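A, B, C and D are the chain letters, set down in written order, and residue numbers restart from 1 in every chain.
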Amino acid sequence: MASKTQVGFIGLGNMGNPMAKNLLKHGYPVIATDVFPESCKELQELGAQILDNPAEVADKADRIITMLPSSPNVIDAYTGPNGILKKVKKGSLLIDSSTIDPAVSKEMAVAAEKMGAVFMDAPVSGGVGAASSGKLTFMVGGVEEEFTAAQELLNCMGANVVYCGQVGTGQAAKICNNMLLAIGMIGTSETMNLGIRLGLDPKLLAKILNMSSGRCWSSDTYNPVPGVMEGVPSGNNYQGGFGTQLMAKDLGLAQNTATNTKTPVPLGSLAHQIYRMMCARGYASKDFSSVFQFLREEEGQ
Amino acid sequence: MASKTQVGFIGLGNMGNPMAKNLLKHGYPVIATDVFPESCKELQELGAQILDNPAEVADKADRIITMLPSSPNVIDAYTGPNGILKKVKKGSLLIDSSTIDPAVSKEMAVAAEKMGAVFMDAPVSGGVGAASSGKLTFMVGGVEEEFTAAQELLNCMGANVVYCGQVGTGQAAKICNNMLLAIGMIGTSETMNLGIRLGLDPKLLAKILNMSSGRCWSSDTYNPVPGVMEGVPSGNNYQGGFGTQLMAKDLGLAQNTATNTKTPVPLGSLAHQIYRMMCARGYASKDFSSVFQFLREEEGQ
Amino acid sequence: MASKTQVGFIGLGNMGNPMAKNLLKHGYPVIATDVFPESCKELQELGAQILDNPAEVADKADRIITMLPSSPNVIDAYTGPNGILKKVKKGSLLIDSSTIDPAVSKEMAVAAEKMGAVFMDAPVSGGVGAASSGKLTFMVGGVEEEFTAAQELLNCMGANVVYCGQVGTGQAAKICNNMLLAIGMIGTSETMNLGIRLGLDPKLLAKILNMSSGRCWSSDTYNPVPGVMEGVPSGNNYQGGFGTQLMAKDLGLAQNTATNTKTPVPLGSLAHQIYRMMCARGYASKDFSSVFQFLREEEGQ
Amino acid sequence: MASKTQVGFIGLGNMGNPMAKNLLKHGYPVIATDVFPESCKELQELGAQILDNPAEVADKADRIITMLPSSPNVIDAYTGPNGILKKVKKGSLLIDSSTIDPAVSKEMAVAAEKMGAVFMDAPVSGGVGAASSGKLTFMVGGVEEEFTAAQELLNCMGANVVYCGQVGTGQAAKICNNMLLAIGMIGTSETMNLGIRLGLDPKLLAKILNMSSGRCWSSDTYNPVPGVMEGVPSGNNYQGGFGTQLMAKDLGLAQNTATNTKTPVPLGSLAHQIYRMMCARGYASKDFSSVFQFLREEEGQ
């Protein structure tokens, strides 16, 4: 087997760390960087080369993956004073797996193109668990001709790699899914709460919904009512899972893109507000299914 | 085979008509009535005995099914001057398949009990098609000991007969399901619309949602976007299916029970308002998935 | 001066008590009753005659005022086994100052008319303070010819007595006002919170709103932000004033009448849900302006 | 009287045109530009000097006012290839009266400071009428020491010039006011509609609200119900006034700033969605009080 060429990786946080490890496992030499040097130690011990900043990574690797918390970080990592585009090689493939505003993805793609490089957006679904086990789903936007090249790398880290269309559509798909997920979760929580108040057993109600037209992922796979289902955060005091704060962030992106495209999203918008209120009332780090608890009467009331 | 004893049927509308026919098909002599005499003709030709009012039906049959449009009709059919309870026999089994306020079901049960009769609520899901083919789902509330007796009749008209608990819980389950359905449908419509505006192909977006956590019945079985799916109202200019006006009615019931039990239902409540606005803007008789159309930019805008 | 004829008063709670006292002050002999005997002591010491139930009051007085917590209490006080209508005299004037569903007011009016009596709805605005000082506003619905007779009594307890139209319109006016009040209060709270986050001084922002088109009663008379205004509950940790629970009740009435008349009330409906969520999160007995606090980031977050 | 020094004016649209005229009236020589040359003719005939682009204006005038439709236009006019900052003189005073995102105002201020100039945001309330009669209200954000200099110019065009605080707070005040205005307008429309359905006369209901706690600018100054008030758009088929599309734009700004500052604005957000739905249903150019019409039952329904 010919040795594989090196891959750059920028952003070694909760998600980036296990993703980069999976590249190493698949035999790719990894050249990485992170704004927090301590985040790099584990990768370094596993054999990754650690550099000071994105520009230096771009100087050495012509395939780079970025995994960062939000739009400003991505803008900085690409177009900042030590950003990728300062030293990017012609023909490089730049894949951004952060969840950000699709408009920013498009800007990055334009900036990359000016330098002769190709930018693709490839946000993921599936959390830290899926990142560790290499079972992420990637939603990919960008020039179709480059999809095969991107797929080769993404397959090391994910179970599904879906081509969505032009640059930004990966983000669009991610944002759309999470908006509908939030609506389904709050809707399921309201519904289960109402049913319980009306005298229905929660397990029975979940069963009825799941064989009827009320069925959704939040009712049949991730039920927010403690005791209805095993192995989900509602059974563990809403710890683990996908934090309310992260859901609020994604709903903020959905809200912004809806505002910018003048698209009415009444339920998505209210879902955003509810998760925002929850953050203000102490639910920021609980799983987003804790909206069931937020809507319930407090004990002692 | 011993001949079966007769069954009373009150309310021969779009749903009641095919339901009563299925009782006849299963060999039950049917004694029926309806406030509109012309609704009775077809049943009469098929061998049913037609009487003037519910009291007369109750005088002859000790198992009676009611299928009426709304709470006031049910109250009248049971407790009105010519209502069932005027002549009901001791030990009669009264099954109401209307979709009404669970509080009214409980009142009817109390009133029936005073006369020595048993009342159960058994609303259905599945529309006229399922009523004709005997594939309805019945959600049944009432005394558990009587469930077997009810099941015998309901099995002639439905594919699923689910026991939900005490009187009123059948209605509760129905109302809960439809509230979550409405939320899922509006959510799916907003999401598909936003995705399309962001450049995603609708079929591809539906596919991505359906393999992800945004999945729900409205996205994978009854998609509101024309062209995504065959055999659903969105492919037929939103004709047929479940009318916006009927959904608004069910959401009104959900709203009332939530208000009466002091349960917060923020998305259910907004869904109610949106279907109410649609009724005011000419969508009353279109399928409830036409909310996709309602949220889209008008042509020529 | 000829001695005045006696007036019946049913319901001596927080509001009824000072209202009945004002009738005594104006020289009217009062015959009263309440389901809680201890509520009657103070009135008895001031000279009122206390009877056992509404029927007995109706037997002695032909002008009766009722002031009760909610629709079921009113139904019972009028049509229950010991209700007013059991012994009401022909030609009696029955004035209900409770805040209830206008549909119930209409039912009571029909029932009273059958007994030859006249029923009017006359809910109040202004709280316990206005009740004590005789400064309530009465919104009166009923037969116009009887308005003058009602006014004579209501003037003893209120500063404004407004004729609104047929029976039920007094309730309608009350419910409409409180729905718009709730919307204005939540809107003001959101707006002030947003402005503060954007760097505006709260007093300055209130001043700007109050000289502009954002002005409303909640911004200029009852500002929800501590420190902006003196003598309002926001300056006293949201104690006193009009409780969140009471506002949620009135919004429930608004919601029910809107549902029953098929009227879309999107913001009123969401306001209802927000006050309902607040009740579930420990705000039930705080003044309704505490929604500002509910929407703010918790300390330590 | 010493002759006044010249003032630059960029953006001669519906608002900018009468504003610039008022500067001329007050004796200021005006140097203007607009992307549409035809917009400049009238000013030129009145004696203004017309130049090709903002950079040229900045080359000649050291006090410049900009009045543009939205954030991208402002960014271009200041930092674009022919933007003000290309040729701005040290010590220049740059006043932006556009309604834009406060974050953009802050960016412009930073960019101006780098060139030695001072930037202030000074959005207006009051429409074309107030612009013509010089009765605008200016909400001004920026360095306090420069406020007097700004006031001198703004007084020529407005009746109120309010200092709000640091750069961006003028925009913040404007956005906050309009968000509360939108909430009050929709709330008033729902409430009036509900009251009318419940049998209240609209004029009487408006009178009751306006003497009670439901009172707001939309109920007492700009009532949305035809026939309640004279001289407002509701009396003129919702023509003139402040367009639904413009309100939707301002609510989009409010939404974005709320999202960026993580501030929950549930009613503001729903108001945004409602105005967005109205734009999709043909109300874009009607006055924003037409939400009353949008919520009403269609004729013939």
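In this text, contacts are C-beta pairs under 8 Å (C-beta built on N, C-alpha and C of every residue); 3 or more make two chains touch, one makes a residue touch a chain.
As the structure is a prediction and not an experimental result, all values here were calculated from the model.
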item: Which of A-C and A-D has more C-beta pairs touching across its chains; value: A-D
item: Centroid distance [mean C-alpha coordinates] between chain D and chain C, Å; value: 40
item: Mean-CA-position distance for chain C and chain A (Å); value: 50
item: Centre-of-Cα separation between chain D and chain A, whole angstrom; value: 38
item: Touching two or more other chains - residue numbers and ranges from chain B; value: 262-266, 270, 274, 277, 279-280, 295, 297
item: Chain contact graph, described as a line, ring, star, complete graph or other shape; value: complete
item: Residue ranges of chain D touching chain A (in the complex, touch as defined); value: 248, 252, 255-256, 259-260, 262-266, 269-270, 272-274, 276-277, 279-280
item: Footprint of chain C on chain A - complex, ascending; value: 270, 277, 279-282, 284, 294-298, 301
item: Chain A partner contacts - residues on chain B that touch it in the complex; value: 102, 125, 137, 139, 160, 162, 164-166, 168-169, 172-173, 175-181, 183-184, 186-188, 190-195, 197-201, 204-205, 208-209, 211-219, 221-222, 254, 257-258, 261-268, 270-271, 274, 295, 297
